[in-house]
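Across the two complexes that follow, subunit A remains constant while its partner is subunit B and subsequently subunit C.
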Partner chain A sequence: MKKLDAFLLILLIIFSFFALFPIYWTVITALKVNSEIFTIPPVFFPTKITFSNFYTPGTTFGEVSQTAFGSFPWLINSTIIALASSLIGTFVIGAPAAYALTRYLKNVWFARLILFMMMIPEAAFIIPFYVIITKLNMINTWWGLILVYISFTAPLSTWLLMGFFSDIPKSVEEAASIDGLSAFSTFYKIALPMVIPGIMVSIILNFINAWNEFIYALVLTYTPFPTGAQTVPLYLTDFIVIEKSFAWGGLAAAGVIVMLPSIILGIYAQKYLVKGWTMGAVKE
Partner chain B sequence: MNRNQVIKIGLVFAAPLIIYFLIFFIYPIYLLFKYSFTSASGAFSFINFENMIRDPILYDSLINTLYYFIGSVAVQFSAGFIAAVILNSYTGRLKNAFRSILYIPLTISPIVIALMWLIIFNPTYGPVDYMLDMNLNWLGSMNLAMPTIILANAWEYIPFVFLIIYAGLQSVPKQYYEAASIDGMSRFQTFRYITLPSIRPIMIIAFLLNSIGILQGFTLVYVLTNGGPGFSTYILSFYIYKVAFTYFNLNYASALSLLFLVIIGIYVYAILKLSSVEKYLGIKK
Partner chain C sequence: MDNGGSEGIMSEVIVENVTKKFGNFVALDNVNLTIKPKEFFVLLGPSGSGKTTLLRLIAGLEDITEGSIYIGGKKVNDVPPKDRNVAMVFQNYALYPHFNVFDNIALTLKVRGYSKDAIKSRVSEIAKILHIEDILNKKPRELSGGQQQRVALARALVREPSVFLLDEPLSNLDAKLRVEARSFLRSLQKEVGVTTVFVTHDQSEAMALATTIAVLDKGIIKQVGDPYELYTKPKDIFTAGFIGSPAMNMIPGKLVKDGSSWRFVSEDFSVQLINTEFENEYDVILGIRPEHITLVKDDGINAKINNVEPMGAVTYLDIQVGSVELTVQYTGLIKLEAGMEIKVKFVEEKMLFYDRKTEKLLNV
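This part shows the complex of A and B:
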């Protein structure tokens, strides 16, 4: 047993190395001085640490420049759009729909519909969404992206929460209805508070997905805050195109800023993830 | 409550979803049909579908998509499965720490992953070529570009398969293993006859969700290779984007989008029919 564990430990360390090395490399590149970035052989353990890739006095705010500081206006857009689409998808659409599907409309076709909505490839919808958002006069606006992002936040919320709602014993709600609560009060006062873990996961996962979303933002936005709604992945794209061969430090620093929130939120939510994805088919 | 009342209340709760669905799913599909059957002059026509048949780039894209899909599924599913089995058999104290570490890549944005890969796989200053003691132009070579994309993509999604299967392994009741050891089953026999059958439903769910995620791929191709070199990393999603927003041929791009939807529809339908995944998910009794 001891021997096997030692062997497995080595394998796990190898796996962990592969999982962590790209992150490690990005972080140290962000902290390196330029002379240690562009060298042969590459420097694995930097001797000098600098924060100038994040911010140097005199860098322009709101432009793709040599440091990551310029990303701020894109970060504002990302935060607002990700928050709004996540909250609307969870509270306005997902939670009531999931409740309806587990308690009232127990129909195979409704559940299939949700599955179908989750599986639609984004690329197949860029044209109709572009046309609709243009018609609504919302190109390059917060609302344009929020409305489109709900197309993945709402089905995911519904899907996740169906698993959580079906775990609530029916007797709880029956007691509530005997006490004279209406169906809507029962939902808001009894059922919803019982699935708060599910609500949290739904908000976090939706936030991460919206924060990381790329193709819709690419097609539907073209300038940063305050004139437009471009999100931070597009800042990185511009950075990659413009600074590909010069400002790796700034590029990596921007990458660190973008990945940090999603890693922190992701670790916080991981406890409930699997249960959510598999609609409660796996309980941990 | 009678049945009608139940359905009425249910529909009120589901109303926001239904309204959204009509405007942002049904109407878009209608638009796709409308544009697909419109020629450049605006008349009803089958020209876009006729053009598909004679479009060599479409053939390239379809073959590349198949290559990308099969490669990704194979790498992600097997690596995720192996990692889950290893962690499940490990009895040390660091179990939960490893679970968190192996999960982290999943939370990172594809665009950041593209950036990481540009730096790490750089032929001159990157650590990978240095460690392998080679000088390979990963993204600039016809033969290596697609495997590199598959690898970068796998780095992000192996944790997805890993997490689900690991949770499945953890949920196998302990009594099964106790019974197996009383019966004198070997380690391998236990795995083959107890573990595998117990987690079959979960493996199918993981496979379905994972393969759908893979078909969503676009960002890595857009940033890392922009379809090249040549057309070697053109996948269908990228080709649709190109036709629509570089060549501004919305009608032909709509026809391609429909084709994409039909392919995915057939794939998902086949999986649902061939496996009992709907039953496992609790959709069907």
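This part shows the complex of A and C:
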């Protein structure tokens, strides 16, 4: 046992390193002065800390006129689009669909079909989606991107929540129906609160997926808030203008800003991601 | 008291020619029962006998394949559970984990449109009866098993249902708590006076609680009767073997006419019957309860003691008579040891004879 524990610990340290190092690197790069960003060998522990990357245009090579703080109009779009597609995918489609599938349809193949759909690369649908969104007059609008993002947040939520719903003891819902609740009330007063950990996972994954999405945002939007729906990943790419400018300091600073909402959401949701959420419902 | 326009608590439950199939499996086969108002009715049977299925049919949690169920004179085949005004306690309690105890009990009243004040007074009234006033603010996960069971009872009783359904509600409690809960449940039911259907596989629980017991086996009702009737005159071998602990002794043999009287002849011994008459000679199984075998000095059947189990108030003896082993219950303590030779006698009026072909009782 002791040997196994030590082995697991080493593994965890290695994995944590892989997960955390890029974040560390982004943060320190955002705080470095330009001279330390380009030093070889690289500087792992900056000697001087500056916040200037956040508000001065990056001018490493050539000219990049934008600043990290200038991402605000793009952040507004991203926040609205990611929240809407995450919440609609989870509550309006995912949870009801998952509940209906586990309680009433009980068809394994339907569940598998959802899984297969998620395996198709998102980019495969770019042309049809472009045509559809154009026809709907939704190019460069919030709803254009939200509708497209729901097409991948909803299946993920459905598939994820099916597992959580099928773990609910059936007798709890039967008790609700005997207590006089309708099928719909049973769903949202009894079943839904019992899968809150799943709902939280679904909201976070959906949010991160939509927040980081790039290809559709590139194709379907072209101006920032307030005139258009361009999202923040597109703003990040403007820090790199091929063969002209590489504003690494500004890019890293903007990267830090873009990471923050996902991290805050993750920390907030942590308290719901606990074991034993439904403990005490039934006596095993 | 306002009970939300229900039919009240005096409901009769009639189960008429009910068959329930799961695919090809017949869980209940043409069951007929009448459960009278205010009765404490126990469905007793081993696991897989269909007793829980029958309870769930009455609750409306399963669809009836054939036949009808009436509650309070109304056919309820197509009435959903929420409109049957039945209350149910589940074997695993099935509490709402995200509600505190008060809300667990109050939910059904809220759904039925009771006023806030009415809910408060109703819940505190039932909480008092069940001694759970102190835990109304706790979540189910903070409760002990006994408390969870009381909350489940409270939730079921709070709105004065037409029928109170209990699915092995005591099986998750430890032995001491179970006996306590048993007598508590019995007096509670008397006090509330609601028609109660109780499912259990524990025959002693059934005997202790029931005004009427229905014995089920493999989806068939074997016998319906009060505990006294079921214990003294079980109508078939299954019921005879299922009711009573230790179980009834079963001895295969023959009924033979011997001059003017009858005689029970087994491989190893025979017994002269003085007061019992039969129509024909039968291959039978003799059923005799452990307390109806007595020890005698002479003029008895020879037996050897295999094992002695002194319980205090009674002593159980496992004795060997030829090829069959019998259990004898002796009232009080007796100094006997394994290996000793004794003589025993059967109390004739307590001997039950079952036809070996039909497995039915032959005594009238």
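Basically, the second predicted complex is superposed on the first by the 221 of 284 C-alpha atoms of A that agree within 3 Å, B and C clash if a C-alpha of one lies under 4 Å from a C-alpha of the other, contacts with A are read in each partner's own complex, and residues count from 1 in each chain.
The rule is short, and it goes like this: contacts are C-beta pairs under 8 Å (C-beta built on N, C-alpha and C of every residue); 3 or more make two chains touch, one makes a residue touch a chain.
Computed from a predicted model, the values in this text were never measured in an experiment.
Asks: Under the stated touch criterion, which partner chain does A:Ile190 make contact with: subunit B (first), subunit C (second), both, or neither?
Replies: After superposition on chain A, A:Ile190 lies in contact with subunit C alone.
Asks: After the superposition on A, what does A:Ile178 contact: first (subunit B), second (subunit C), both or neither?
Replies: second
Asks: Considering only the touch criterion stated at the top, classify A:Leu136 as touching first (subunit B), second (subunit C), both, or neither.
Replies: Touch partners of A:Leu136: none, neither subunit B nor subunit C.
Asks: Regarding the shared-chain residue A:Ile49, is it in contact with subunit B (first), subunit C (second), both, or neither?
Replies: neither
Asks: Check the residue A:Arg112 against both partner chains and state whether it touches subunit B (first), subunit C (second), both, or neither.
Replies: The first partner, subunit B, only.
Asks: Have a look at where A:Ile10 lands relative to subunit B and subunit C in the superposition and call it first, second, both or neither.
Replies: It touches nothing on subunit B or subunit C.
Asks: Counting residues of subunit A touched by each partner, does subunit B or subunit C come out ahead?
Replies: B
Asks: Is A:Ile126 in contact with subunit B, with subunit C, with both, or with neither (first, second, both, neither)?
Replies: In the superposition, A:Ile126 touches subunit B alone.
Asks: Under the stated touch criterion, which partner chain does A:Ala154 make contact with: subunit B (first), subunit C (second), both, or neither?
Replies: first
Asks: Using the superposition on chain A as set up above, list the residues of subunit A that contact both subunit B and subunit C.
Replies: Touching subunit B in the first complex and subunit C in the second, residues 277-284 of subunit A appear in both lists.
Asks: Which residues, counting only subunit A, touch subunit C once they are in their complex?
Replies: 169, 171-172, 174-182, 185, 189-190, 193-194, 196, 276-284
Asks: Show me the residue ranges of subunit A that touch subunit B in the complex, using the header's touch definition.
Replies: 1, 4-5, 8-9, 11-12, 15-16, 18-20, 22-23, 25-26, 29, 37-42, 44, 92-94, 96-97, 99-101, 103-105, 108, 110-113, 115-132, 147-148, 150-151, 154, 158, 163, 166, 183, 187, 208, 211-212, 214-215, 218-219, 233, 236-237, 240, 244, 248, 251-252, 254-255, 258-259, 262-263, 265-267, 270, 273-275, 277-284
Asks: So in the complex, the part of subunit B that touches subunit A is made up of which residues?
Replies: Subunit B reaches subunit A through residues 6-7, 9-17, 20-21, 23-25, 27-29, 31-32, 35, 83, 86-87, 89-92, 94, 98-120, 124-127, 130, 155, 159, 163-164, 167-168, 170-171, 201-202, 205, 209, 212, 215-216, 218-219, 222-223, 236-238, 240-241, 244-245, 250, 253-254, 257-258, 260-261, 264, 268, 278, 280-284.
Asks: For the complex, which residues does subunit C have touching subunit A?
Replies: 59-61, 80-82, 84, 86-88, 90-98, 107-108, 111-112, 139-143, 145, 148-149, 155, 172
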